[in-house]
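Down below are the structures I want you to see.
What follows is chain A paired twice: with chain B in the first complex and chain C in the second.
And then the complex of A and B:
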């Protein structure tokens, strides 16, 4: 249940976020904010299933499909991203079902599921690199500049426009997260993550519930890839697809906090600021350092702070609030005995 | 209401259940007893869909359910509890039961599921507070939660698996009375698997005895308790203990 106070806090925060680009126009900082919002959405999409113990290392694949299918349809068939994006999402969704169904039907869980999804990620990366005549391979790919209607081509030079689009997409992700969190499906998925047989004995169709959340997560991740492609206007297999991107999603979601709605957002802020700091501070000497830092931090977080930064912080705050109320009541009783 | 014929389950070369047939009538409490490894839980797992039978037929309310997926069987009107309670610890007590009320009754509405949860929790005597944690429950509480989860799926037939293991005598009697109340008040037919023979004999209408996957005896509790085959395989061959146990069983069944 969301209290009035929390709702008000969300409202004020959102109003401030919407107003931001109109009062603060530094293009570099807006660029960083757009990146944070898009990646936050991608990480939130991953955590939709990750929070239920469905750890996927295949989401780089879904993101790559979102980005590449949209760009290829635009360049080769002249299909507007407004149509291309739904097609790319459908493609990622279909792939998710093809990989997910046998896994869930035949109870491939835990480490084995992670390995299957890891393979998925690798395969998508290989396909993009191997079909270099179309995709540009590892050199990357650029959607053609629109000659006509910019809105139809979903191409804007204006950072403010992109900031607002990214904000809307990010907000959509948060809303979907809360929608799932408050649905009966969350009970079912929590139950499945603990004990599949017991969940089935409560009447839950385990395979269907797992497929549904996987599909939702894959569709959202593909959307994130497509939006990223439209914003950057340049994609490479390494930046939108593959195992590194998948690992980055896991890292960010875990560091931020898997079990709270803004956890992946906090994760995105940390990862992107870290990457930017390393890039600016050390330039080309630090290429790949961010991955090294991610790896070390990931190990430390899983051991010492499994609920992530935001999750642990909120946990800290909760009991303190209760304690302070108990103190208040004690104080009342001391002042007015018998009250 | 339930008609099982020629039920067989093999695990590789091992036959866990060998050609077992029985029937359960509407409103009856059937006791299913037998030593460890006699196939009781395997039969339960086949009735509830957790395991698919190697061969044989299970007719429930006129429909063949052998080999159906568990969620379809649960939604068809068979509820089950597990021998070792399997609560969902990330959910509250109420959410555990509401989950069963929602998914076990064809996913109608949240309001209906929550109403079912409240009724079931009240029936077994657990608090209906929405946030009470499972971690606060002891052995008896966890068994009650298992039962509440099964009841929330609105079963016509309840499979209660060794509900009394780990309880003291007062709790055992209480639990046995609860099963009888469930039958009397809700009209739910029950198959009760148990290894504590005494309490079971007091409540059930009929008993079926399994040994090494085969049915060796079936009938009224008093008759089964005196069956020499049952005394031999189930209670052991040590003469003194056997006689004492048989006498105890007869006393329980009579009173």
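And then the complex of A and C:
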């Protein structure tokens, strides 16, 4: 349970975050903050599944659907994002259920699950590229500028408004994370991630529990995609969908820490600041360099710091933590290979 | 145009698509074999497998286009290069993670995917490049087949037969098969698993290299080319049953036919979408893979 001190810390931190754009107005820095908040929300959404051992590489697909469906409905049917975003979320959720149900019902786990979801995000990318007559293909897509009501079109020019929207969405993600963390579903999912058969024997409806968290995670990821699209007003298949985006989510969540609520946020701060620093440092030659450094760091992190920066720090601060869960422990070594 | 004439033309196209599907299936089967081999023996999935192929395609491009090396001289060097890359991938990334949770190994190869893609972007730029070799088109009746595809198909079959002979006729091959059956016991039997893992990784890399030599004949190379056939390779391996060589072989041809016939009616991308839809349906029918024994 949250102590008084922690609650107070959250309150002060939030008040500071809300007050920030009214005190500090540098548009570039605000832009970076908005990006960090939106991506933090996306990474948090991914980690809701990832923390229970459900490693999905299909979230690039859900994000792409969120962004593209919202923009397509607005441009072609003139449907306000206020209606378009729920529709896009429903589309992503439906896809998640269609792919998730057979996976969970027939016990497709581990490698198999990763590969199936990986293919899912690859396919969404292919569809966006294939329907280039509508989506602009790999050249990208721009929602039409609103001529009338800005609020109705969810298009704003000033960074402060967007900062507050992104902050609200991010906070919503953190609240949902804590809500899941305190729910019965968490214990069910932890039991499942440790031993599916044992959990089923203990009365946990494995398929239903997994589907619920997958649906929640997919809906939130689609929302992140839609918000990103409304903010940037330009999307390409490569920036919102596909395997690269999925891996980016995994990477950030792992760098920050998968098992703590602010881990994905820390991951987003680190990765986006890194990308921006590299971009400024290398100038126009930066294309590719940021991902090169990303990739090397990802490999190094998985080898040397699998609990992430925040996770490892918290472990260091609290040495007598409860026994770690099975999926957090290192696998028991039976035979040393080559010995 | 009369209905009969329409049907005649349609049939020719259909037959052409079916045969093109078989030809495509050869290369897909080769890719699936490499991935299955790594999975069956080392129990790890290389997400970056298609990116190894991409590096091989660049190697072919530079040797043939830049340095004027003949295609058939460049091919063995490319296969060797990607084999070394495969061994290095195992030595540097997989070996330190052998006792870590399997998901970590998989994600680490995801990091390598990033590294290879962005390395290619940084080093070679994002331009599409092709070999500039235009092999003739083979006309057979009213149907047209590209020589490149025919050559790929034959070479892929040769590659697979070579792997089969290596696995069944040599001591190392036998050790590899034994390890894939029981990872723990073989170490006790005095087999040097470290060495076998390294050889298997090099072999998997070599297969990726061979696929690169064949794919570069048909497709332009660019840093993201791996994304266009990587996902389909994973689907093939899952449908065939990960680590199941024969299942992967059959699944490769099934998928190639779907892609080829789907592409007949519309773009190639829609063929991929059809293949994915088929895959989802198959998961309901045969969740443990095409050739899995019913429980």
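In this text, the second predicted complex is superposed on the first by the 319 of 339 C-alpha atoms of A that agree within 3 Å, B and C clash if a C-alpha of one lies under 4 Å from a C-alpha of the other, contacts with A are read in each partner's own complex, and residues count from 1 in each chain.
Operating definition for what follows: a residue touches a chain if its C-beta (ideal position, glycine included) is under 8 Å from a C-beta of that chain, and two chains touch if they have at least 3 such contacts.
The structure displayed is predicted, hence computed values, not measured ones.
Chemist: Following superposition onto chain A, is the placement of chain B relative to chain C best described as a clash or a fit?
Modeler: In the arrangement built by aligning on chain A, the partners chain C and chain B fit side by side.
Chemist: Looking at chain A, which partner touches more of its residues: chain C or chain B?
Modeler: C
Chemist: After superposition on the shared chain, which partner residues are touched by A:118: those of chain B (first), chain C (second), both, or neither?
Modeler: second
Chemist: Using the touch definition from the top, say if A:11 reaches chain B (first), chain C (second), both or neither.
Modeler: neither
Chemist: Between chain B and chain C, whom does A:195 touch in the aligned arrangement: first, second, both, or neither?
Modeler: A:195 sits against chain B, while chain C stays out of touch.
Chemist: Is A:27 in contact with chain B, with chain C, with both, or with neither (first, second, both, neither)?
Modeler: neither
Chemist: Considering only touches as defined above, state whether A:281 meets chain B (first), chain C (second), both or neither.
Modeler: After superposition on chain A, A:281 lies in contact with neither partner.
Chemist: Is A:78 touching the first partner chain B, the second partner chain C, both, or neither of them?
Modeler: neither
Chemist: Look at the superposition and give the distance in whole angstrom between the closest pair of CA atoms, one from chain B and one from chain C.
Modeler: Across the overlay, chain B reaches chain C at a minimum of 6 Å between C-alpha atoms.
Chemist: Of all the chain A residues, which ones make contact with chain B and with chain C?
Modeler: Shared contact residues on chain A (touching chain B in one complex, chain C in the other): none at all.
Chemist: Tell me, which parts of chain A touch chain B in their complex?
Modeler: 184, 187-188, 190-191, 193-195, 197-206
Chemist: Give every residue of chain B touching chain A within the complex, in rising order.
Modeler: 48-50, 69-71, 74-75, 80, 82, 86-91, 95-96, 98-100, 102-105, 107, 110, 113, 149-150, 153
Chemist: For a test of understanding, state which residues of chain A touch chain C in their complex under the given definition.
Modeler: Chain A residues touching chain C: 53, 55, 57, 98-99, 102-103, 105-108, 110-112, 114-116, 118-123, 125-127, 129-130, 238, 242-244, 247, 250-251, 254, 287-292, 294-299, 302-303, 306, 327, 330-331, 333-339.
Chemist: Can you check the complex and tell me which residues of chain C touch chain A?
Modeler: 39, 45, 47, 93, 96-104, 106-108, 110-122, 126, 183-184, 187-188, 192-195, 197, 223-224, 227-228, 230-232, 234-235, 237-238, 242, 266-267, 269-270, 272-273, 276, 279-280, 283-284, 287-288
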